[in-house]
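Letters A, B and C name the chains as they come in the text, with residue numbers starting at 1 for each one.
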Amino acid sequence: MPTIYEQVRRFYSRQMQLIDSGRVEDWVETFVDDAVIANNANPAPARGREVITKVVHRIVADAHERGLVHRHWLDMLTVDPIDEDSLETTFYALVVETAKGGTPGLFRSTRGRDVLVRRGSGWQVRERYVTHDGS
Amino acid sequence: MPTIYEQVRRFYSRQMQLIDSGRVEDWVETFVDDAVIANNANPAPARGREVITKVVHRIVADAHERGLVHRHWLDMLTVDPIDEDSLETTFYALVVETAKGGTPGLFRSTRGRDVLVRRGSGWQVRERYVTHDGS
Amino acid sequence: MPTIYEQVRRFYSRQMQLIDSGRVEDWVETFVDDAVIANNANPAPARGREVITKVVHRIVADAHERGLVHRHWLDMLTVDPIDEDSLETTFYALVVETAKGGTPGLFRSTRGRDVLVRRGSGWQVRERYVTHDGS
């Protein structure tokens, strides 16, 4: 039985790979129905899977049209229990961007804080707050 | 007893450090004798330790002559069992490059898929397929 | 009970977040009183918490004055026991730097070697040697 820390690492690995491969419908299922995503660069948080899906579809489509590959890296992870079925994480996330025929660069550096809740044998994000460095 | 996931992380940490420190002979022992390495930027896969060693010696020597230090970072790791003695991994890998007196940059961003097989108490790579972003 | 490897990963996640958020007094407590930090770019090692604190306060203040956010990433971690209460680690560390309104870049790429010692239920750094790539 993996520790909760390992479960959470694996959860994030999968979540990052889903978004970067454009599988938005699978990716959004890593969030609860009424999840909230907010960041310091945008005053209005995205509430609920429907809104989140719309926003992220646009971001993914935009990168695709411009021939850009994005890779989300997440680490420097801390995991602290809130109660039996929920926990708080903090982490850094980087987005590496590569244009067709180009060399990779850093598109964004952030730190984040999530609340995760149990769902079956796994986890889902209930709240995410991301701070974009430089904003 | 570490989980298989942890074993695999530690395996990759060691493998990346071996290649970056130029220990090609030790590095190639992290592959089975008839291992295959392929990537999307090169139609001909490298088959077997002898060929792989030759290719990688050239890459390492070339970087060394140009005064470049390479650091391979691998993460966003997923590990799925194939059977009792083999497993499939997916991951991202970055190569950070630093020239003498220079500042570091990203040389390459990739995602990869490996098949690992048990060897004694550890693991070896049987197949590796790497997709270079931007190619 | 997490493995020692997992304990060490979590230790470093916390240590990196402390330094990047400017909490120098909390960060320095992740070192033993008479810890030594040395690197290849500087002939004189920093000995003891008092000296280390002074040096790091200056680095943190300097970045802050110039409006720079630093994020330390540490991985490709290996952990080997020395004895029951101490262990040696090797790792890579990157510093990502973002200026106000700017895009992130790599400020520094390094590899490191630490000696960690047990302290209560956790760990502290006794010795750190960092090699800056390109120096």
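Assume contacts are C-beta pairs under 8 Å (C-beta built on N, C-alpha and C of every residue); 3 or more make two chains touch, one makes a residue touch a chain.
Please read all numbers here as calculations on a predicted model, not as lab measurements.
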C-alpha-based rotation, chain A on chain C, 0 to 180 degrees, nearest 5: 120
Chain copies touching (chain A, chain B) - same or different residues, decided at half shared: different
Between chain A and chain B, centroid-to-centroid distance (C-alpha), Å: 26
Touching two or more other chains - residues of chain B: 6, 75, 105-106
Contact footprint of chain B on chain A as seen in their complex: 2, 6, 9-10, 12-14, 16-17, 20, 69, 71-75, 96, 98-106
Chain C to chain B touching residues, read off their complex: 3, 5-6, 75-79, 90, 92, 94, 105-109, 111, 133-135
